Each structure stands twice: as structure tokens, then as C-alpha cells.
Amino acid sequence: MKNLRLAALNGNGRTVVPIDAVRIGEGFTVIAGPCSVENEKQTIETARAVKAAGAHALRGGAFKPRSSPYAFQGLGLKGLKILRKAKEETGLPIVTEVVDARDVFWVSEYADILQIGARNMQNFSLLLEVGKSHKPVLLKRGMNSTIEEWLNCAEYILNEGNPHVVLCERGIRTFETYTRNTLDLSAIPAIKELSHLPVIVDPSHAVGKVSLIPALSLAAVAAGADGLIVEVHIKPEEALCDKEQALTPDQFAAMMRKMCALHQFMGGLA
Amino acid sequence: MKNLRLAALNGNGRTVVPIDAVRIGEGFTVIAGPCSVENEKQTIETARAVKAAGAHALRGGAFKPRSSPYAFQGLGLKGLKILRKAKEETGLPIVTEVVDARDVFWVSEYADILQIGARNMQNFSLLLEVGKSHKPVLLKRGMNSTIEEWLNCAEYILNEGNPHVVLCERGIRTFETYTRNTLDLSAIPAIKELSHLPVIVDPSHAVGKVSLIPALSLAAVAAGADGLIVEVHIKPEEALCDKEQALTPDQFAAMMRKMCALHQFMGGLA
Amino acid sequence: MKNLRLAALNGNGRTVVPIDAVRIGEGFTVIAGPCSVENEKQTIETARAVKAAGAHALRGGAFKPRSSPYAFQGLGLKGLKILRKAKEETGLPIVTEVVDARDVFWVSEYADILQIGARNMQNFSLLLEVGKSHKPVLLKRGMNSTIEEWLNCAEYILNEGNPHVVLCERGIRTFETYTRNTLDLSAIPAIKELSHLPVIVDPSHAVGKVSLIPALSLAAVAAGADGLIVEVHIKPEEALCDKEQALTPDQFAAMMRKMCALHQFMGGLA
Amino acid sequence: MKNLRLAALNGNGRTVVPIDAVRIGEGFTVIAGPCSVENEKQTIETARAVKAAGAHALRGGAFKPRSSPYAFQGLGLKGLKILRKAKEETGLPIVTEVVDARDVFWVSEYADILQIGARNMQNFSLLLEVGKSHKPVLLKRGMNSTIEEWLNCAEYILNEGNPHVVLCERGIRTFETYTRNTLDLSAIPAIKELSHLPVIVDPSHAVGKVSLIPALSLAAVAAGADGLIVEVHIKPEEALCDKEQALTPDQFAAMMRKMCALHQFMGGLA
């Protein structure tokens, strides 16, 4: 693969993606927050809670690609403004999804990383547009995409001149129904041997069950992931989407402590 | 599902989608042509050949969503102009893919049906845009999408006021490697019982092997499909993409004769 | 592949498997009957009904491999005796499953074709044992098996000296949930180009929904299958297993008429 | 699920499976050795090497279920005798596969745990037979089996009165081709919440690539697995099967040190 513009590299020659003071690819970066921005109170309280627990960035969707046209589609611009306010309150950089090539320019005013969702992984127009922007990009793996196809999509972005791509494994579609999707942790060492890009894990969408998230988050750390993106909601039972996969702030804080200790331990192992 | 604006219905209360003089949902409609528009000669000769064999519409890609950014991406506007010329020569209406919401308006000047490709099935911005246009839409099933998700995507289009949606089964991704994808013919009777929309089959992308296409095309007719979209190239060995799945004009003509005879026979069976 | 002992071949050089007067691989062979033998009345009445509708052989399970150890496991020897009685009454040869290598010898006294079920496709001990028997074998494709693996399992049987293997496509496991499995009709022309063995289709287990079976059965005929194995029950709503996929005798008779007419028509097409 | 006979339970009320002095379900148990027993030298040298690195049991196949009848099928009884000798030399208990219900009795003379391979997970005759034996059973997950189906197969064994079942996740079949199968680590916490049985991981068959095995083995520890079964060969490049997935003794020893340290660390985390 070609990679025309230059990113900073860490000591192992791997790309580091800077978002404000956070540097994805150095240490273990945790991005947490609600599936979707529902209102100011929910978003800001969640932001404060995840910040207190040690999260490095806030996630929250303002544009929600939903299977049905009659499901909640997100607050749009209003949601982005709430995210900006949450950043002002907590200092956490913002990760939010962009779903339309026409929105990249103005959504970039609010986002610190532009997320490309799994359903849009092969939306090549959108990839080209974020490739031209100066924002880092979080590229989720399509739920039926091979590792090779996923890296080719990263290449679409790099090839436009944007070197700041973070890959995100979020589960693939299989016959198993106990979990929402099947988390493919093999993708972590595979990406490490095939690419120089950082790779993080989204256990929330992968398994879709709160009870399984802590064990898989620890497994992601041990497998060598560069970080995690996880759904946290102040009141999961009232969430407008994906309520069965959102951690409470307390569950998140407990998991955070273990992940940090484990990451530190793993550093000493290598 | 809701369906706000009205389409013409056939005698069984099912939607008929008119494209010039062709009416998808009445009889068996065959759309044929090259994977991509490569040049004027190749396109017009292929158009004449498929017209002579009885095809009802011409397919041809001007924008090719390719896994790799370094693969042939299509001729764009130049390709659309070649398709227009092919239509002038043969009278065949044009089916061509649109991959970007920003292109819907001007691509509609050249296309008689706007194709949404498998990778864009859940590109909701694009669905909304074609939903607002006045062109019929050919909506391919995503290669990892359930029938329910596919119908929900049709609903995105219908809900914007465009009643003219044709569904297209093109194979789903499975573990089998002998075929490119696995053609899911169960989707034909399933769509018939779940929806009023016409449904056609793309055996070329489903199996990816010329030798298997005739048998599966006949099977599609027998399963009750409303039509077929199939790749034909005047010189498959020189095709710029998907050469192993393009029929020669002679192969297409032979298959066409059998499909037409079979469709007529099936009409008498019911 | 090797094939040490010789089977009769049809005019196209393909294997014909004789079962009493029935010859699978010549014409279109229909095997019908209940999922499991429940009692004498149910079995014999069903046998008479499918015979009257034109079926060539009777299917019925005496040993049922069930996911749960607490589900109905079949009547065993008692079931086989009922099948024998049904054969005496109707003349229909018997297709029944054998699940244990130790049973092959004595089950062969009652069966005219030994069925190897999908879960046992790679039970190599069982394959070797039926390979040594003198009974024809119906080898179902494993629900997650590639065509290549399936043919290798046929090879295990042929290699022991039994040339009479009939392959049966019965659906593969995919992410789609509307159907029980995904019927892979591409396997029909694929087997025709890779092997000389006859291949039939089991639409009942593939889709698991009565409403979809007729369309897919006709598609199987058009795709070139050598026959069909289908579940019929005199009272599907009272069936001890798989009731949602059993046809009534009337539904079967209607489908049978169409399949026979279609098969005759296809013969004229080629 | 019922569980008629009693196994010892650990402090968390979970089943402990004793194999000689090894107790699976307490601590982290590592089973290592060659894919297949090829000869005495290879087996005994490998046994000594894995013993020196800290393995708790020796794996080695004497009966190899192979896709093709013409591939190496294992040494059979001769292989079992070599395994016995390896046990005499090293004291390591023996894990070996049984593929035929008729062999359970006499293979039990040589094995300390009877392995049921992925292809035989739903070979119910075999499950019933090992259920009647007094040997512990290692039940691999079928490569296309849901967690629920897998637990039902354990239930077949438990229900015959054998309480000593160890589950083994070994990868499921998906569309991804970079890895041999897709390791489903979500199964570890899932089994922990659905069952009281110990569960271990086989990274070798799951990924099929030496380079990915260490990272996934550490991930398995972090996810809470009770152990690992892994392929080690003194000269992987000369192995008769699966050479691309066998670790050298040195690679195994390095991985072993990390796994043990990590398991100890995880104990302090909880």
C-alpha cells in the first residue's frame, strides 16, 4: 500500500494519530459515551462520568444510520452543538459519525475524529471526502468485510492525503445469534502484521450484551489493541437506541480500572 | 410498511415499474450489458447484440465502486454519454449505477433506472436522494443483508415519495468459495410474500462463473423472478473487470431463447 | 477423484443409481414422506398419498439426530418395521437415515437407500461403513460444508467400493434468518461440472417454510437437479418434528403435477 | 440443563474436571503437542519440550478425520502406544481424539481425556458412548455450531452420566479468509454465564497461522478461559499436517511464560 502524506510514527514505526492532546497508537486510548446524543443533560452527564473514570475521548452519534426509516435518526446539527458543549465542559475530544459526503466539511467543525460507520465502510465517495479533510478518521470494519477489504478502504483515505486513520474492529456477521455479531479479535494481530495503522475495538456493537463486554474488553487489551470505543449511558434503560449494550458509568469505571492495570502489565510483559 | 405514493399495479396487486415502454413486474424483463462502459465501440456493439437477442434494457457502469482505490473506477460522465449514444442507436433504456448522493440529479439525465449497488444498500443519504428523484430505482441486496434489512432500504426510498423500486437479488456472502457469492433464490418467493415490489436476479455477480449462469437463470425464471440482469461483453477476455462472469453475445442469445420459452411455459403452469 | 467400482452410466456418462425399479440420474426422481415415522397409521397413509401423487420413493426417519437430548429421537427398529410395512403396501422403496456405523448392517435390511444426514457428512467412520455396504447412499451436504468437502465425503464412500452415491443439497447456514437455511442451488450446476454423481434437492430443510417450497422445487427442476426429497405429512400440524415445513398431501400433489410438467418441458429445451 | 451425576465444583460453583493430578477449571491448564502422532521420536521429543515449558497435558492425534480420503489418516493403535510411552517418559496425561463409537472402550485405555473433534460435535452416537465411559471428555465446538447447540451436545454426554466435560472453542467458519476460521472469544464469557462447565481455547485451529497465536492466547487468558490447547511440533516444517499452525518449542515456551504471568495477574484483578 502507498501512503503519500506522513503521519507521526511511534517507536515501532507505527502511525500515531493525534487528537488534541490524545495520541492514538501510543498507550491505550478509551473512547466512551452514548450511542446517540439524545439531549444536553444526558450527554453532558455521561461525558463527565466517563471523564471521571479516565476516558480519553467522548463518542456520541448525531446522525444515526438506522435499518428502518421510522427509527430515531439522531438530532443532527443540534446534536453536534450538544457535543461541542460537552467538550467545553470536560475537555474531551469528540468522536462522531458522518454519513454523507456533503456533510464532511461542516461536521468537521464539531468533530475531532470523523467516524465512518460499518455500513459506510465501502461508501467510496464518503471515504474520498474524509480523505481530503484534515480531521483524523475512525474507520469501522464493515460487518461482512474481510480484513483485506477494510485495509483497502483505509487506503482510499490515505491515498487522498489524510494519513490519520484509526481502524476499528466492531464484530462481523455470522450464524451465531447469542451475540449481536461475532467479535473478531484475530483482526488485531492481523492488522498489526499487515499495516502500520492503529486499531481499536468496539465490544458494544460486536456483542450487544452488557454482561459480555468487560471480558472482551480485557481480551482486546491482551490481544494488543490500541484502544477501545464503548457505549456508556447514564440510564441505559432509557436509551433511545441499543440500550441492552450500554454500560452504566459504574460498570464503565470498574472496567476502566481493570483495563488500565492490564495495559500497564502487558507493557511489562513484552 | 407504508407506501405513500402510488405505483401502477398489475393484476395481482403488485407494483409495476415503467421504464420507457418496458414494464418491470409484467412479463419477464431482461437487462443485459457490460459490467463497465469501457469505450464506445464495446458498449454499442454489446448493446446491439443484446438487443438482437431480445434484451429489454442495457446495463453498463460508468461509476465502479471497486475494493481497491487503484483499480479501474469507471469513465464517469464520458461513460454516461456513451450509454446515451447506445440508447439512441438501439432504443434500449439505460440502467446505470449512482454511487454518490450529489450525483443523483445529473446522472438522472442519462439513466432510465438508477441502480443502487450492493455496497451502497445501506447508504441512507443516497437512498433518500433517489427517493426524491423521479427515476425508477434498482435496489441491489447488500451481500450481507437480510431480506428484512433490504426491504427496509426499499422503504427509505418509497417513504420519500418514489414508488418505483425494483429489488435485485445478487448473492450473499457465505463460506462457500467455489462461487463468488451464494445466490439466494429463496429470496424470490420470500419477497413475493412480504412485499408488492418486483424482484429480479443478478446471476453474474452471484456466482461469478459463466458456466453456472444459464442453469441459475432458468432457475430464477422458475422461482418466479420478474426478470434478470446479466453481464454480456463482446469480448469477455478483454473486459476491464469481472471478465470471468461475462457471457458472450452467443451465450446470451442461447440462454435468452430458453428463458423466454420457460417463462411462457411457467405462465401456463400457474 | 478415483471411482474404483463401476456404476451404470446414463447417456451423458453420468452415474445412475438404481433403487429397485427407480433409477436416480435418469428422469426426475421424487422422494417424499414424513420427517419421522411416528406410527403405522401416519406413515402408511402418507405413503399412499405420496404414491398416488406420483412419488417414486418414501422417506421417513427412524433415527432422528436432534439438537437436544430431550427431543423426540425416533422410533428406531419399530420405525423401520413400519417403513417395511409401508413398502409392502405401496411398493415404494424406502429412504431412511442411519446415524451410527454399528447400525449400517441391520438397517440395510429395511432401507433401500441409506441416508447420511447433514450433521454426519464428515462422520468418516460412518462413511467408510456405508462405503462397504451394497446399498445406495444418499449423502446430504453438511450445513457448513463447501462443495469440495462434500465431494470428498462422497469419495470416502466410492473409495470403499460402493459406486451408488446420490448427493443432496439441503441448504447451508448463513446469517439470513427468514429461511431456516439458505438453499444453494448453484451447487446443482457446480456438481454437474465437478462430478458424475446424481444430485437432488431437499427444499424442506433448506427453507423450513411451506410457503416457499413450491417455488424452490420448480427452481430445482429448472437448475437441472436429478430429483427432490420433500417432507409430506398427512396432518402437518400434528407432526412430532418440523411441522412448519411439511406439505399436506394436497399441496404435494399440486406441486408434483407442476414439477413433472416442468421436467418434461426442460427435456425439450436442452 | 440437567446434570445427573456430580462433578467436583470449584469455589465459584463451577465444575472441575480431574485428569490425573491436573484439575481443569482450577487455574489455567495448558495442553500442548503435535497435531498428529507421526513417530516415536517426534512425539516424545515434543512431549519433553512442552513439559519443560510447563504444559500440563500432551495432545496428539492417532485418528485424524481428514477432508480427503487420500490424506494422512493417523497411525491408529500404533499412535496410541507411542502416546502411552510419551506419558511414561514425561508424566503428562494424554488428550487424544476418538472418532468412532466402537473405539471408545479401547481408546480409553490409552487416553486420559477423550477428545470429540469439531466435525463430530453432533455425532450423537459417539456422544452417547463417551457419556457412558468414565473418561473426561474434551468437546470441541463444531465450526458452524451455535453456542446453544454446543451446550446441547455437552448435555448429551452429561445426561448419560459422565459429568466431566470440558468445552473447547476452536473457531467458527465465516467469510474471512485471512484466518483459517474466526476465533469466537465471546464464547468464553458466554459459556461462563450459561453453563458451569470449564471452557478452553484452541487458537491453532482457529487462526491457522503461527504469527497470530501468541496474541490470541493472551486474549483467551484475559477473557477468562480455563485453559488452552495448542499445537507444538519439534520441526513444524516437517509436520504431516497443519504445519503452518504449529509452534516450535521455543515459541511455545516464550508464550507459556507470558500466559502464566498474565493468568496470575488476572487472578489479582478480579
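Labels for the chains are A, B, C and D, by order of writing; each one numbers its residues from 1.
What we mean here is this: a contact is a pair of C-beta atoms (placed from the backbone, for glycine too) under 8 Å apart; a residue touches a chain by one contact, two chains touch by 3 or more.
Predicted model, so just to flag it, every value in this text is computed and none were measured.
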Using the contact definition given at the top, which chains are in touch with both subunit C and subunit D?
A, B
Pick the pair with more C-beta contacts: A-B or A-C?
A-B
Just give me the whole-number Å value for how far the CA centre of subunit A lies from that of subunit C.
49
If you average the CA atoms of subunit A and of subunit B, how far apart do the two points sit, in angstrom?
35
Two or more other chains in contact with one residue: find those residues in subunit B.
144, 148, 173-175, 177
Contact set on subunit D toward subunit A in their complex:
144, 146-148, 172, 174-179, 182-186, 188-190, 192-193, 206-207, 211-212, 214-216, 218-224, 258, 261-262, 265-266, 269
Residues of subunit B touching subunit A in their complex?
65-70, 99-102, 119-120, 122-125, 142-144, 148-149, 152, 155-156, 159, 173
Sort out for me which residues of subunit C touch subunit A in the complex.
173-175, 177
